[in-house]
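Structures incoming, each one as structure tokens.
Two complexes are shown next, each including chain A; its partner changes from chain B in the first to chain C in the second.
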Partner chain A sequence: MTKEEVIQIIKKNIVENLDDISEEEIDPKKSMRDYGANSLDMIEVVSSSMREMNIKVPRSELSDINNIDELADKFMEYV
Partner chain B sequence: MRRVGIEKINFYGTSLFLDQRKLAVARGKDPDMVVNDFLIESRSLNPPYEDTITMGANAAKPILEDEDKDAIGMLIVGTEGSPDFGKPISTNIHGALGLNPNVRNYEVKHACYCGVAALDTAVNWIASGLNKGRKALVISSDFSRKHLNLKEEFVLGGAAAALLVSEKPKVVEYEIEKKGTWTTNVYDTFRPSAIHEVGNNEVSLYSYLDALEGSYTHYVRNTGEEIDFDNYFKYNIYHTPFAGMAFQAHRTLCNLWRRRSKQEIKESFNRKVYPTLRYSRKVGSTYGASNFAGLCSLLVENDDVKAGDRVGFFAYGSGAIGEYYSGVICDEAKETVEAMHIDDALQRRREVTVDEYEMIENIRESYIEKPDVKPDFSILNNWYKEFYQGKGLLVLKEIKNFYRIYEWS
Partner chain C sequence: MSDILNYSLADFFYNDNPDILSPPDDFMQWINHPRVKHSFTFFEQQLLAAPRISTEILSNIDNKKRKIINLTSYNYLGLSSHPEVIQAAKEALDKYGLGASGAPLLSGTYDLHVKLTRMMAEFKQKEDCLIYSSGFGGNLGAIQGIMRKGDVLILDEKCHKSLVDGGTLAQVKMRFFEHNKPESLASMLEKSKGARTMVAIEGVYSMDGDLVKLPEIAEVCEQYRAPIYIDEAHSTLMFGENGRGVAEHFGLEGKIGVSFGTFSKSFGGVGGFVCANAEIIRYLKGYSSPWNFSCAPSPPVVGGLIKALEVATRDSTLRDRLWENTAYLKKGIQAMNLDIGETESQIIPIIIGSSGEKLMHFAAEIQKRGLFLQPVDFPAVPANARRFRISVSAQLTREEMDRSLNIIEDVIARGLKGEALEI
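Up next is the complex of A and B:
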């Protein structure tokens, strides 16, 4: 799986879990908070993306990630 | 296997509360987010003459009749807020309640899992038959430390629950062979001194969800059944560091069974989980009493609850452990809980302003680790006189050369 594909999965799950946002609007250099996600929404995006990729990153490794791009990098370590 | 469960239960939310909307405004935050996303309306607050000992005793007193005091053979108190590193608060509570002397008592600690750890030990003792007909009193009692102006200030609170566990359950009967457990070593939230309560919110949320998935998966494996999550449990009670966390927890288990939209999850949440949040919305963080607050909430809030309904419970303790277990509602559950008049007691609490809250937290902190303290009974226009005097509630009268002296008001 390429990093672009990982980002695409994250974007899809952002759209599913946040209100009123389309994939085209999402810039990976930004944080989900910039799109109105609260901490619980972000956790759900992470969980559902991991489920879709069939990977399991210990969630404790995810707490100091700052944006979507960094999240994709972390996922790539486990793909 | 013999029947084991809760015969009587009570929940105590202290005597003061702070409106979280007003705290949000004072701290420059959006009050709608605090109330709508995190589902926190108010938090409970202790006056300087209450602590984990008084809260535990005040939760337990209404459920005990004289015959219960004689029938109790075990008293376990779960807390992460003991005022002593050696002497367990179960001894103070045993003395205050006037239980018979042939009682095994101790205090257990595992952050917010402490209450269910205490319950589990009592349940196993009774299931083993070694109780020889005697009952167990299980108490969970805790409250937050001072966090003025910190970002976690909105998810604080305190409460106590007391349960009489016996072979004659009237509230819930546990399915003692169905259980899942999951443990890891993490620093998410912890209390490294008598004053500090520290940690990382995100680490704690992630760790909670890892423990939820891990323990639920283990539960399913242990039952040996194909469990349809939507229909197997009539209601779901989740540990609530704040009530809104229950939504995220439910979303996690819903999606684990079958992926679905946020809207569909909301519908399931409103039906199966929201009725269990009545009291956590009013007291804030319920710590080790969380699962018991959820059970009392469900039975008071929801008129549709019927005998035989299965409830799934998730307990979490930072550090960390997750435990998933289940129980079945008993015939007399609703009337047994309603007899405690928990709503009335919470309605009698006095609202404090943000300034009063800060004053109380500073007073409380100034007492910690002091050998001699005479708690200030005069604060809030002598609130003691109105809420406590003559009402038979336990209060901390004095600390004298480290000896803690309690009395019934």
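Up next is the complex of A and C:
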């Protein structure tokens, strides 16, 4: 799986879990918080994406991640 | 799973097991790992006597009975085992029996419940009050009863799970502001303009022991006309000149819309209370499910709580002792150069850092030496700030505090410096 594909999966799950946002609007250099996500929304996006990719990244490794691009990098370590 | 010890309870919430009555496959693999199992031995240890300071547990470490100094219970004022409280509970038990045997609306309201409700409303200086059988149920039920889909609940990011679950149940939009930062709250309120909005905060935050910055937060809320819901679970009976809580401490009780608290901490019983204006309390009686679909609080507990409130408020003896003890322990721990964060209350964290292994090693040593001080691990606290959390009590004697400080110094302070433990 390429990083672009991983970002695509994250974007799809952001759209599914947040109100009023389309995939085209999402800039991977931004945080989900910038699009109105609260911590519960973020857990939902991260968990849905991981389930789709069949990976399991420990939550303790996600606390220092600042944006969608960094999240994709972390996922890439596990795919 | 790559490294099994990097995982935590935060990682197994979602369950794809086709058998709905089975946990995720990897959950069992994780929880049965010997080192994970070891870390869980600290939980659900049996206390064999009242939660006094010197008490006894059946230790899960070696399955032995052990006399310990208890620095983990929420019995901050010692009221759970206060002789007058026990006597009042016994009298209520004799007169009314064990259970209320009914929901409050039908047959579960006794004269005792009405008395406690009135006392609490008067104490908190609100028009009316509802009492719940559970503190968790009180927060959950108040949020669920007051708020509706389309409303916005803005919470401090360190608010308790019961408030978050209340928001989930009410199907509201939840926004979390950065802990205790008024400017972050203002930005969330700005985004919420046009919607019915309430702001949830706590008086004392339970993992760090810091106080809400109420003057600044109340000012922002006033600017946006958003009512404040304050959870004073860890501050009622302790803060303020009359023990009414952190809102009294800051002289801002008039700025509070809903004042919530639990009966399970300083009161020494169990349950929750919600104090607010009479009309919203009347409305809650119709729509707060944990109140109107639960059995009313047990009469002996209510009898004990009435006495606990009397004892705690007839003078300041208990809270004065609590603050003396807090100052003594804090000074002793700070002298060891341990990280106690930003605590301003009777909750004193000792932050160990990111090593779960160290935390559990210290926890076992502490307990073997006779101190009941429970570890708090991720995800309850950030992964880089695992800790112990002291709950100071008014019951502590100087001798018990000195013994506790010695154990903390021997195990934690010396352990963090890399000195070998004398076992």
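We adopt the following convention: the second predicted complex is superposed on the first by the 79 of 79 C-alpha atoms of A that agree within 3 Å, B and C clash if a C-alpha of one lies under 4 Å from a C-alpha of the other, contacts with A are read in each partner's own complex, and residues count from 1 in each chain.
As a working rule, a residue touches a chain if its C-beta (ideal position, glycine included) is under 8 Å from a C-beta of that chain, and two chains touch if they have at least 3 such contacts.
What you are looking at is a predicted structure, and each value in this text was computed from that prediction instead of being measured.
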Give one of first, second, both or neither to describe whether A:8 is in contact with chain B, with chain C, with both, or with none.
-> neither
Could you say whether A:31 touches chain B, chain C, both of them, or neither, answering first, second, both or neither?
-> neither
Partner chain in contact with A:17 - chain B first, chain C second, else both or neither | first
Scan A:51 for contacts with chain B and chain C and give back first, second, both or neither.
-> both
Which partner does A:40 reach: the first (chain B), the second (chain C), both, or neither?
-> both
Check the residue A:63 against both partner chains and state whether it touches chain B (first), chain C (second), both, or neither.
-> both
Touching both chain C and chain B, counted on chain A across the two superposed complexes = 38-40, 47, 51, 58-60, 63
Given the complex, residues on chain C that touch chain A span 1-3, 6-8, 10-11, 13-14, 16, 26, 157, 164, 168, 174-176, 191, 378-379, 382-384
Going by the contact rule at the top, pick out the chain B residues touching chain A in the complex.
-> 33, 37, 184, 186, 188, 200-203, 205-207, 209-210, 244-245, 247-248, 251-252, 255-256, 259, 261-262
Per the touch rule, the chain A residues reaching chain B in their complex are 16-17, 38-40, 43-44, 47-48, 51, 58-60, 62-63
Chain A to chain C touching residues, read off their complex = 36, 38-40, 47, 51, 56, 58-61, 63, 78
